[in-house]
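Across the two complexes that follow, chain A remains constant while its partner is chain B and subsequently chain C.
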Partner chain A sequence: MSLIVAAFGFGLVSMSIIAISAVGFTMQFGITNMINLAYGQVMIASAYAAYAVNNAGVSIWLSLPVGAIFGAVFSFLLNRLVYAPFQRKGTNLIGMVIISLAVSLVIANVMLPIVGYYSVSYHQNPGTTYHLGSIALTGEQILIIVLAVVVMLVIYALLRFTRLGKAMRATAANPTLARNCGIPTARVVDLAWLITGALCGLAGTVAGMNSDSFSVASGSEFLIPIIAASILGGAGSPYGAMIGAVLIGEMTEISAAIISPEYKQVVAFAVLVLVMVLRPQGLLAKRGALAAAG
Partner chain B sequence: MLASHHRVGRGVGVLFAMLTLALAACGSSTPGGSTSTSSLLIGVIAPFTGPDAALGPAYFAACLPAARAINNAGGVMGHKVSCQEFDTRGEPADAVPAAQQMVASHSNLMAVVGCTSDEAASVAPILNQAHIPMFCMTGQSEFNKTTFTYFHRLVPPDEFDAFAMVGSALDHFNYKKVALVFGNDIGSQAFVGPAMAALQGLGATVTINQAIALGQPSYRTEVTAMLATHPDVIFTEALGPTDATYMAEVKQLNNGVMLPFMGTSATIDPVWFSAVTGAIGVQTVVDKFTAVDLGVSFSGPGYTEFKTNLDAVASQFPTAPKYSQRGATLHLYDGIIQAALAMDETKSTDPTVYNTVIKDVGNGVAGATTVNTYAAGVAAIKNGQKVRWVGAGGLTNYNQYNNSQQGYILVRYDATGNEIKFGALTQAQTAAIIAAGGG
Partner chain C sequence: MTYYLTTVLVYAAVDILACLAISLQFGVSGIVNFSFIIFQAAGAYTAAVLSLPRDTANGGFQTYILGLNLSFPLPWIAATLVGALLAPPIGLVVLRRLRSDYQAIAMLVLSVIASLVVTNTPAFLGGAAGLSLVPQPLSDKFNPYSDGYLWAYTAGALVLAVVVFFIAQRIINSPYGRSLRALRENEVAAKALGKNAVALKMTVFVVGGAIAGLSGAILVGFITTWAPSTWLYPETLILFAAVIVGGRGNNFGAVLGALLVPVGFEEATRYLPPFGPPGLIPALEWVCIGGLILGFLWFRPRGVLPERRRVFAARPQPVVAGEPNAGRD
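The block that comes next holds the complex of A and B.
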């Protein structure tokens, strides 16, 4: 029993990281209609950007914004230079998915000669370990959880209370109508790529901190639970992605404790398949934050 | 709702799900180059991307110095030799098209090296059917008595690695309780059964057997479960960043105290060393980690020739010199030179002619002249002599199944990542463990 409780505690960390990344991923889809399979690779590229700064002697916490900024700029450029031109030509959703998969492979293979195939670790101090019953978390892990909560609140506030958030929701709901109403949808889309890219970069760096070691190949591994959480919650729904992250994060850890570590992803995917059978649109597909007002 | 306005609600969900499931298995193969009839090609078929991406470069690092040695001696009967990577991503599903493409696109293949446990079972039948001599780094026991006549293996099967680890744990350190933490890939899991059988047969206890998914962001739950069993030592092989992540969490969750841990010969690798020391610190690895490795002396004229050529190819492949003490690199270098000398002896570039002579070059026939450099081998052959290759990895002892092995040494790292030998298993120790493990 104590192992399950401990696993629950570790699941809090996992779900925090998945939440930051899945919200960015699902917002990217929700606002720009782009299933970006290069997301995991951008996460890793951002993690390496933060590593470059951290390796130069800067604290990992101060390197974190570098990862976020790198992710924002990289994602913005990726859209402007690669995705948007294809979308303007009318490439369909499946075509865009294939393009993003190709982009992912290109990024990975361009990174290899630059950063090498060696795994790297941040210079970091996990801090004191705090115990609550069987749950044991380091100070760093607690800060990651707090960071995730803050990010979720900021995203909620952005979408709910700001003009930009409303413009994003309008653009997501009907881009043509939004444009006709005077909303600069092109700028909104640019900002959406910057914001979701920042979340991507932040998540990549935090994932690198949590895993203690990462390599170029880690990108595809990071992407799988992100997509799973996004689908589970409902594609395009940030709140759904948050719930999906909670479920995927906890299920993987607790199943590792109860069944076998070998099957931790299998259990998560089994639940995912079950949800897809019973509710193909995902858990919160009808109540997403990006849903049109009214 | 956004998704409904984009008219993709259910469809996107299903598409997402399919993509998610497919991602775990998707990959690509490296496209082949143009076919050349004037030169000979050595295919390096191995994982260059994916969780086992560290393996491919170690084998590529074997090919380049071999090609240099051959080319500096004028090539194989005047044919220059080159190396090309063929990426399997460590997945059988990707390895098959990679191997098929390699064979179909390159009629000038003289030999293929690599084929790890990740892909050997898929690749070896293709190469055998195409009559291409192969030197594989697979440890799978299914090749112990293989019927593939073009298959060659210069390393013992993985189960012998496992037996050597058991010997090191029981005979050198007196550990009695062992936790098995291996990646859930085919290659790593090959160690588990033999290790469990040998440990239990010799009265030791397997406290836990964890097959961990590679590349996960965290293993804290697994580590907590493992620590609860209070092992004396952890046996491990989980490549990529996996061992680094796992061991960092062992140290963290064990109040900063690292347990002793012992790796297979695959963990004697600069990539593994870099990853794990980055995660838990160099001194912790130096103090707590030991491994078993192939019985190679890293000395002698054959090794010197290899080292000279390895250092010289750094301009092409900067990390090549780091593989100077990687057993696999040495042995594959030897395999390539053996194939080249077999071609010289038979005066043929037809694999159906020279393949059977590779064994003779490795083991030597009566009256054969021992050679340690390719140039010396060519000179001896020109003088009408048979040759025996004793190269970087020392003596070769092919059996009837073209399997060769030389025993094990017990090693640890120094602070700079060099391997330090601290013991060896005697024949008697090895025999007792193999018998206990059913090998």
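The block that comes next holds the complex of A and C.
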């Protein structure tokens, strides 16, 4: 029993990391209507950017913004240089999926010769371990949880109370109508890529901090719980992604304690299959991954 | 030299089979099967465990299920069947209600997970080390290392590729192929004309799975080993690159793509002088594959040999005014 309680504690950390990344992932889908499969690779590229700074002697907490900024700029350029031109050309949905997978492959293999094949880990001080019953978390893990909560609140405030957030929601709901109402959708999309890219970079760095080590190959591993959380919550819905992250984070960690850590991803996948069979639109979205009626 | 030539030709036959299957699924019907490689892997594993003796043989250095020691052609037939039978369960989850791009993602995730499960379950299919010493077909009757055997194997593989090519050709020129194209171009319109979209997609999914299973059996019978590292998900993307370059929806394009991309790349890098640190060339190869996909989708989305545009004559219209029935048949 205490094993499961301890796993619940790790689940809190997992869900924080998944939440930051899944909110970014699902917002990219909601606003641009395409799935960015290169997301995991951008995460890992940002983690390496933070590693470069961290390795030069800067504290990991000060390297974190570097990862976020790198992710923002990288995602912005990715959209401007690759995705947006293809979308303007009228490439269909499956074309865009193939393109983003090809992009992901290119990023991973351009990175390999630069950063090497071996895994690296941050120079960090996990801090003292705090105990609460069987739950044992390091100071750093607690800070990650706090960071995730703050980020979620910021995203909520952004979408709920600012003009930009309103414009983003309008663009996501109906881009043509939004444009006709005078919303500069091109600029909104640019900003959306910057914001979601920052989330992606942040998540990549935090994921790197929480794991013993990471390598280029970690990129595709990151993606599975993110996809599962986004689709479970309802693709395109940021609040759905938060709920999805909570559920997937806890389920994977508790199953790791009960079954085996090797099957964490399999549990995330099993949830994904169930959602796709029973409720493709997810928990909160109207459309989600559901096909158009016809 | 014989060994080299036959290896290239067997790989060519396997890649042609795979590209024909992808062209049927992706080119003709618009299904992005990112888990294609697991169908090939399923075929290869089936053929391997059916032709291998029990895993206690050979000193028991590898573990796997079955080990029935069946003789050729039973393992190949079973591989084809398993490839086909794998399709309905996946199709039922994926093809029914999901948006086309989420179908692709679901299959991509499946491909990653399948490889993870097989790697972490050594008792099932040999785990990460995979299976080796798979007996070649008919190796109890002929010497599998003689030139004659290698050429015969190659000829057999190429004949199967040609047979499948003609089957694929029949499919795309049949009314069934026409329905698939209608579905790809406009699913709502096709459904409105009474086409059962899910059933149509499912059949092409099964046909593609069968071809993939057969291609896996041919490959494993020749190279005699099979492991998770040979069927990672990016391998599917190479085949997609081939079909996109060759021309999707056109079987000649699929064959050309198979010869240009998987076979051509492998052979081109073989003759490249080694440069840079180890691993640089494979990494650059992958960058080129990605670049090839992006480049072709941007500059020539229909490929080198585009699908033939099919134009159907309109029904003759009444020509003479005042005579409502003129020109009707």
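Keep this in mind: the second predicted complex is superposed on the first by the 284 of 294 C-alpha atoms of A that agree within 3 Å, B and C clash if a C-alpha of one lies under 4 Å from a C-alpha of the other, contacts with A are read in each partner's own complex, and residues count from 1 in each chain.
Here is the rule we use: a residue touches a chain if its C-beta (ideal position, glycine included) is under 8 Å from a C-beta of that chain, and two chains touch if they have at least 3 such contacts.
Given the structure is predicted, the values throughout are model-derived calculations rather than measurements.
S.K.: Following the overlay on chain A, give me a clash-or-fit verdict for chain B and chain C.
M.R.: Verdict on chain A: clash between chain B and chain C.
S.K.: Looking at A:97 after the superposition, I want to know if it touches chain B, chain C, both of them or none. Which is it: first, second, both, neither?
M.R.: Touch partners of A:97: chain B and chain C.
S.K.: Touch test for A:120: chain B only (first), chain C only (second), both, or neither?
M.R.: Once the two structures are laid over each other on A, A:120 reaches chain B alone.
S.K.: Figure out whether A:262 sits in contact with chain B (first) or chain C (second), or with both, or with neither.
M.R.: In the superposition, A:262 contacts both chain B and chain C.
S.K.: If we overlay the two complexes on their shared chain A, which of chain B and chain C does A:105 touch? Say first, second, both or neither.
M.R.: It touches chain B and chain C both.
S.K.: Counting residues of chain A touched by each partner, does chain B or chain C come out ahead?
M.R.: Of chain B and chain C, more residues of chain A lie in contact with B.
S.K.: In the overlay, answer first, second, both or neither for which of chain B and chain C A:220 touches.
M.R.: both
S.K.: Let me test your reading of the model: by the given contact rule, A:200 touches which partner, first (chain B), second (chain C), both or neither?
M.R.: neither
S.K.: I'd like to know which partner A:19 touches here: chain B for first, chain C for second, both or neither.
M.R.: Touch partners of A:19: none, neither chain B nor chain C.
S.K.: Where does A:60 make contact in the superposed view: on chain B (first), on chain C (second), on both, or on neither?
M.R.: So A:60 meets neither chain B nor chain C here.
S.K.: Tell me which partner A:68 touches in the superposition: chain B (first), chain C (second), both or neither.
M.R.: neither
S.K.: Run through 168-176, 222-230 or 240-248 for chain C and report the one that clashes with chain B in the overlay.
M.R.: Residues of chain C that clash with chain B lie in 222-230.
S.K.: Looking at chain A, which of its residues have contacts with both chain B and chain C?
M.R.: 35, 37, 93-94, 97, 101, 105, 108-109, 112, 117, 220, 224, 227-228, 231, 235, 260, 262, 265, 269, 272-273, 276, 280, 290-292
S.K.: Which residues, counting only chain A, touch chain B once they are in their complex?
M.R.: Contact set of chain A toward chain B: 3, 6-7, 10, 13-14, 17, 29-31, 33, 35, 37, 93-94, 97, 101, 105, 108-109, 112, 116-121, 126, 129, 136, 138, 169, 172-174, 207, 210-218, 220-224, 227-228, 230-231, 234-237, 253-254, 256-257, 260-262, 264-265, 269, 272-273, 276, 280-282, 285-288, 290-292.
S.K.: Name, in rising order, each residue of chain A that touches chain C in their complex.
M.R.: Residue positions touching the partner: 34-35, 37, 82, 85-86, 89, 91-99, 101-103, 105-106, 108-110, 112-113, 117, 220, 224, 227-228, 231, 235, 260, 262-263, 265-266, 269, 272-273, 276-277, 280, 289-292, 294.
S.K.: Hey, which residues of chain B end up touching chain A in the complex?
M.R.: 1-3, 5-6, 8-10, 12-17, 19-21, 23-24, 26, 28, 48-51, 53-54, 57, 184, 210-222, 224-225, 228, 240-241, 244-245, 248-249, 252-253, 255, 270-271, 274-276, 278-279, 319
S.K.: Enumerate the contact residues on chain C facing chain A in the complex.
M.R.: Touch list, chain C to chain A: 30, 32, 34, 93-94, 97-102, 104-106, 108-110, 112-113, 116-117, 120, 187-188, 191, 233-234, 237, 240-241, 244, 276-277, 279-280, 283-284, 286-287, 289-291, 293-294, 297-298, 301.
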